[in-house]
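Here it is: the structure, laid out below.
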Amino acid sequence: MIRVEREIFDIGAEIEALTAGRTDIGAVVSFTGLVRDFNDGSPVTGLTLEHYPGMTERELEKIENEARNRWNLQVSLIIHRYGDMALGEPIVLVVTASPHRQDAFDAALFLMDWLKTKAPFWKQETSTEGETTWVKERQSDFNAAHRWKSNT
Amino acid sequence: MIRVEREIFDIGAEIEALTAGRTDIGAVVSFTGLVRDFNDGSPVTGLTLEHYPGMTERELEKIENEARNRWNLQVSLIIHRYGDMALGEPIVLVVTASPHRQDAFDAALFLMDWLKTKAPFWKQETSTEGETTWVKERQSDFNAAHRWKSNT
Amino acid sequence: MKILYFAWLKTKLQMSAETVDWSEERADIDSLVRWMKARGPAFAEIFSDLEVVRIAVNQEYVTENIPLDDGDEIAFFPPVTGG
Amino acid sequence: MKILYFAWLKTKLQMSAETVDWSEERADIDSLVRWMKARGPAFAEIFSDLEVVRIAVNQEYVTENIPLDDGDEIAFFPPVTGG
């Protein structure tokens, strides 16, 4: 399941909704990305996320399908926000559930790594002086995504 | 932070309490283990967890300290329940927070792997016929813990 | 053809979308990019280094030259930074 | 010395704790285990395969022979299965 939305989400309520009434799930992993007050050594006072409506949903669905093909997942969820966000607010949530913890962990990390390099979102940071700057991509994100490449 | 308790915990409230008011956390990973209706191919109707009061807390603290030595963690939490649990109920919660997602993921998986082989808890399953059986340890858990051994 | 720009490409061009008629000189990705480069200094700068420009046609990434149709939606944007 | 049993060791011995006086024949882990084995069939069975018995002294795992004191808390239990 994927959602692209402006509103803040409630991590606990999302996990609860995914697992409620089920007794076949053994392991649930969640990842939440939050707005930090520092990036690349500079103070940040706020964040705005732009995205490409339509393509974003397509890409997130592709990434989720890929994870479900690679691992034994009973449930998966990606929520990604766009628009203006204050410090400490959640930006992205990934939840995976599986009978086995390794699958849930691997799939959640994979979803984040691929999302970071494929989903069409762009961060714009606000500095202490009120200036806005487009965030630069990170080589470490590219490397992290690359390790999941299949040999085919 | 570690807690050993009989009561059910609220995953969302625990994560919220750990991160509330902080703007320096970039990544939060949570792992929740739930009571499954199946184990090793047999239906299960309930679970009872015995533990070794005193030693349990010591071991969980050691494991948490080891994780904090190995990774850049801003927050960590282990909650483990004991006593009787119904199907679908949470057994264990691990939460890690870090500026970077890889640290949060690695530390959470490490905490679970070590906890599974070191923390003195023993599961007793109830079968459909009402019989109770002590759960056998898994070689896969031993192997998972072993990969984190340091070379020293 | 509908052309979309995102993030700093949009900022630099001061434009988020425009419509460009299909023509022989914009019949595929490579020729569209060549035509873009010649439109002025901001375009020339952006399209001088294709390493930092991602291209999507009808909301799918393209990394090779493909033919374009009049109804296509073509997007130009920098490497993504979400998550 | 306080002796604790957990999980199926407790079930098999029908006992979760007992007090055993310190003596020369129970002065360290190895001699305590030898003494345990000789206490009867259930003890003999449990302590025949030390691969499946974990030992803690004063709530710390021990894997080697160490001397015991009268005030020690010694626990015997199977491999753990929590999480």
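General remarks:
Order as written gives the chain letters A, B, C and D; numbering starts at 1 within each chain.
The rule is short, and it goes like this: contacts are C-beta pairs under 8 Å (C-beta built on N, C-alpha and C of every residue); 3 or more make two chains touch, one makes a residue touch a chain.
Since the model is a prediction, treat every value here as computed from it, not as a measurement.
Considering the contact criterion stated above, no chain is in touch with chain A and with chain C alike.
For the pair chain B and chain D, the distance between mean C-alpha positions equals 26 Å. Taking the mean of the C-alpha atoms as each chain's centre, chain A and chain B sit 23 Å apart. Rounded to whole angstrom units, the spacing between the C-alpha centres of chain A and chain D is 49. Averaged C-alpha coordinates give centres for chain C and chain D that are 74 Å from one another.
Counting partners per residue, chain A has 33, 112 as the residues that reach two or more other chains. Annotation for chain C: no residues touch 2 or more other chains. Touching chain pairs in this entry, ordered by label, are A-B, A-C, B-D. Remark: chain D residues 4, 6-8, 11, 56, 59-61, 75, 77-83 touch chain B in the complex. Interface residues of chain B, counted against chain A in their complex, comprise 10-13, 15-16, 19, 21-38, 87-88, 99, 101-102, 104-105, 108-109, 112, 144. By the touch criterion given at the top, residues 33, 49-52, 54-55, 58, 80, 91-92, 112, 115-124, 134-137, 141 of chain A touch chain C in their complex.
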